[in-house]
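In the two complexes below, subunit A is the common chain; its partner is subunit B in one and subunit C in the other.
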Partner chain A sequence: MSVSTSSVTPGSSAAPSGQWLLAWGDKTLLLDQAACKRNLLLVLALVLISIVCLGIGTLPVAPTDVILALAGQGDTMTQFVVNDLRLNRLLAGIYTGAAFSIAGCLMQTVARNRLATPGIIGIDNAAMAFAVASVVGVGISFAPSAMALTGAATATALAFIIGGGSGTRGYRFIVAGLAIGSVSAAISQLLLAQVHIDTANEAYPWTVGSLSGRPEEQIPVMGWITLVGIIISVILCRRFQLMAFSDSVITALGRTPNRLRFTAVIVAVILTGFAVALAGPVGLVALVGPEMARTFARHRGLPLLSSALCGAIVMILADLVGRTLLSPIELPVGVVTAVVGGPYLLWILIRKPKRSTL
Partner chain B sequence: MSQTTQAPLGTDMLTLKHAEHTIIEDLSVSFPAGKVTAIVGPNGCGKSTLLNGLSRVHLPSTGRIVLDGQDIHRLPSREVAKKLALLPQETSAPDGITVKELIRFGRHPHQSFLKQWGMDDRTAIQYALQAANLEDLGERLLDTLSGGQRQRAWIAMSIAQETPLLLLDEPTSALDLGHQIEVFDLIRELAAQGKTIVMVVHDLAMAARYSDHLIAMKSGKIVAQGSPKEVIQPSILDSLYGVQCDLMEDPSTGAPILLNVRRSRPEPSETQATTAPKRQAQRDAVSA
Partner chain C sequence: MFNPVQFWQRAPSQRPLVVCFGLLFIVLSGVFVLSLLYGAGSVTPSQAWQVLLGHGTDNAYFVVAELRFPRTLVGLTVGIALGLAGALMQAMARNPLAEPGLLGVSAGSSFAVAVALLLGASAATLAMGVAQIGALMGCVFVMAAARLQGQFKDPVRLVLAGAALTSLLTALTSILLMYDQRAADEIRFWVTGSVAGRSLDNLLSVTPFFLLAGALTLYIAKPLASMALGEKVALGLGHNPKTVRYIVMLIVALLAGSATAIAGPIMFVGLVVPFAARAIVGPDIRRTLWMCLPIGPLMIISADILTRLIAQPAEMPLGVLTAIVGAPVLMMIVRAKRLPTLS
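Let's turn to the complex of A and B:
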């Protein structure tokens, strides 16, 4: 094997194949061409589906009229239906779907296990239990975001302590999480059984997951949280990718494995906590969203952005199905994702028995 | 890469424990600059633990690992990663990754979010591909390579890291003879360019043939160190492995060859005692 430096051609710093190089000054960014195209298509799909969702309902609105209404044009009735009645619900779906999905993708990466999404390891249910407790305890929804966040953090900490630290290959951690999730769900039910029917109704959305009648003032907050989550994910994606290597390689490449995992888990917990506070435990989105993104990405890299977009699409589609399928009866979005997501999960498990991805 | 007379890497009264078991106690050793050092010894002698300590995976209980005169655990991790690369034994990689993409990960310590690609990255990767003789395989998926090719891809990743020091944990343990020679030749090639190399090698004959400096360990202590000829002595081999043998010199390479190897006495019981904590360590490493 010969080693010669002569034929290394100095000159252009052309980007690696399949990447675009953005350079200004001494700063350089690499953009994966396939990922850019994929995400662009997903954004397009999200926009189109959103317009369809805004048009469908008791009062159907044509897509062109939806666009007009969004731009503040057209007749006032349509504007009222689209902008005041339906848009908030749609935005709540997009924000929470994206948040759940990023959180799912991060947790899967940390645990190196595709099953280890926040919903499966009990973060959703614990967040729900805390939120329900606040509603039941005080009678009104007293800062459910803060309560849900506390619940999410508590469940994660417990799962890590019982599961034997973050380094575990997943299953102990998942089983511990399952137990925590079940106990949390039971606590929610117990709390609801103790109180007056009106209070129980007040807390009901949190127990199944619903986008109907969400507190309006929380939706923009969720939007900002999701945006920050996406930005952090994009910036830290390079180092999060290293988690696919063994700890010794991560260390040799100059990162601290535990610090990486801690950062990823914190982001996941915050996103899940806020999303549960708004929409309840729609945890299956965290499983289906990243899985879809990986299929589109052909299992290359860490598709955080695609996961966010897929999660948003899944969420609003599920909500659309929920409110139209048995109209005028409305199925909560959590029920739809469970009905659709369960079989989907089985399918991905059966489809690829050769090896796990991650 | 300059060949300094001072050893770039060493340990100072290093103690490595696994839970309650002390694997290595108060070990002080230094690895000569620009040379290939091979660490050998029987199973459970602590050679892999020592390498894990050097690569910062196993934290010292007491003592220090010294890199260029400084305590390695007081240096920023990224700075250490620019000086010290590792070829791990267990090599799990992201799925669906190509050879070039794997090698690009070697550039991680030199890059940041707003410094993702430069001339130096391109040159380093190009060079690593050449050095490891992988130019035709750059776009191939890592999973589709043979064992020897894959090992060269991992070595190429550490070459792209452009470190003066390279640690290798049993670099040829899963390879057939031809691929073993290929990898060892590459290691010699890297040393010839001034890299300081420290490797754990199971095969004593290969270690003797391809290293400049041999460190023989037993029960966490250094039994002998020096040139392969100095270390490969019947008395030392007896105390290390409990074997008797005759020695001969390879007429073409001058490396010592072991002949007529036979057990000198029943298995020493302490070997079992020292193997237990290592098994535990391996089990934990697998679950980690």
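Let's turn to the complex of A and C:
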């Protein structure tokens, strides 16, 4: 949290060591050099992994051919496979992974608890329940997103109302969320039990989280939402960082604590809602992404951008594993992340007391 | 004479156990009869009543005797088993949130059943072949959860660990099911927990486990009650806390594993039933265990009746309803100003 702005007066060109100073008129911006470099590395990794992902499948495509196909050259078959079949799925993975991960990072910051990610406090499941309700009951094409958003907002409000009384720091907040999540999961099952067995079978991969066969028109929408989410959170990153301090410190620094929290939660809820509507509840990405970003980026502040990149990488890797590991059977990406994320969550829980008992 | 107002004004631990038990037993009997009378099918309550009086149509007789009666009996057994398992586990872990379903015991059993189905067992022989495996898996996971508990001082974290375990096992189960469409079809309704369509054979095949668990419970109740006073007191009274804990774990594995084998994973019953029992007769485990006997089946059978009536003519899974009832109770316990520690 040591953003050392105090030693720099606006307009001076002397940047503190390890930082870049961008000045435009009387506006200045400090950039952490290490963070920038690591983020660049992450972007590079994401691009490389994407190209590999586009190449792997029933019809293997060499990386160079993938790039050619993306540029609109090469033979038609390769272009069809890469651009029409695999690209959409990859983009859906990148967008939703980034969205989940940013949302997770924001919720962790607001609740001041690294376990308070949307998946664990039930936001995912509630969004899913509402989306399933719209699919089963209403059947309007854009309805699932809107309904998922409503569900996400409802669950968040409930979690804060129920758990908030005793403060969001404690585990009570999280157990309240667990309860909300299990009720929502039960409602989803209930709704699916009402419909025809074939419809339920079709909806099944989506209810555990899947990138396969997602409606194409939703993917660009998701892209724009994620982009706006990333831009907003990067602009507001400095403010969100303040949430690590106590309320009195935030007030003394000239921000309203509750307004900050509200903004962060709204961004998180919107991102989660849309991501769930597209890919289903792949909540554990929101736990693993920010954690990876913290370890890898060694960012001193809030690693929002790194989280987004790590989340996207985790998501497309999980999807790659899911669709190649047991080929021709395709594992939904939600199952892969649960198998990876579950033990990780257990490890967090078991490891922590050891440290505190010292 | 009996004065209800005065009765309820007493502190829970002062209420006479026999009266509480008797009252709930009467309610349970009523619900048992209701469960025979109401159903999702075409047999009306009055037709079913005629059957109970001994002169109904053949069709109604079949529905009541062959469909509703076994299922009610299964509900009764599963309710007792899950209620007792919850109460014992909570007393052992000194944690009001310890519940076989939440801690991953049931998920372990489903995983075992999925493995068995994949290896060629069919749903018809499910309880016969896999009850034992399910119980064993349940036991293993209780052991694991209890070992984790040794490190956790915060009761709520244990639940979180259980949730993580459950999500992991559920994911593994669905991977297994994806291999095999037939297994997936057979297990679909079982996975959400239900007492429907279980024959008395299924019940008979797990009866030895229940009997063993019951005998062990009678043996362990007193030592367990002394553990509530602290391990040193228990030691002073001549009970070895470690032995007590292992025996309780074994009982919980037997009860929860067998219940899961018959009815699938039903969450939250082991949480709600002891909670209600404690509210009625206070925290003494010997009194709580007695009260779990009527309350557990009461919850399962009432929930089962509701599942038949809500979504007529279809039915909804029982596990869904218990989750909807149980999650608010979980929130209530967590919301309490200070977590009751049960010690």
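The criterion applied here is as follows: the second predicted complex is superposed on the first by the 319 of 358 C-alpha atoms of A that agree within 3 Å, B and C clash if a C-alpha of one lies under 4 Å from a C-alpha of the other, contacts with A are read in each partner's own complex, and residues count from 1 in each chain.
Convention: a contact is a pair of C-beta atoms (placed from the backbone, for glycine too) under 8 Å apart; a residue touches a chain by one contact, two chains touch by 3 or more.
What you see is a predicted model, and the numbers here were worked out from it, not measured in a lab.
Contacts of A:331 after superposition: subunit C is touched, whereas subunit B is not reached. When the shared chain is aligned, subunit B comes close enough to touch A:27, but subunit C does not. Shared-chain residue A:48: touches no atom of subunit B or subunit C.
When the two complexes are overlaid on their common chain A, residue A:174 makes contact with subunit C while staying clear of subunit B.
Looking at the shared chain after the overlay, A:245 reaches subunit B, while subunit C stays out of its contact range.
Of the two partner chains placed around the shared chain by superposition, neither subunit B nor subunit C is touched by A:77.
Across the complex, subunit A meets subunit C through its residues 115, 120, 162-163, 165-166, 170-172, 174-176, 178-180, 182-183, 185-187, 189-190, 193-194, 208, 284, 326, 329, 331-332, 334-335, 338-339, 341-343, 345-346, 349-350, 353-354. Only residues 97, 148, 151-154, 156-157, 159-161, 163-165, 167-168, 170-172, 174-175, 178-179, 192, 267-268, 311, 314, 316-317, 319-321, 323-324, 327-328, 330-331, 334-335, 337 of subunit C touch subunit A when the two sit together in their complex.
The touching residues of subunit A, counted against subunit B in their complex, run 1-5, 7-10, 13-17, 19, 21, 26-30, 167-169, 235, 238-239, 241-242, 244-249, 251-256, 298-301, 355, 357-358. For subunit B in complex with subunit A, the residues that touch the partner chain are 52, 55-57, 77-82, 84-86, 88, 90-97, 100-101, 104-106, 108-109, 111, 113-119, 121-123, 125-127, 130-133, 139, 158, 161, 167, 182, 185-186, 189, 193, 286-288.
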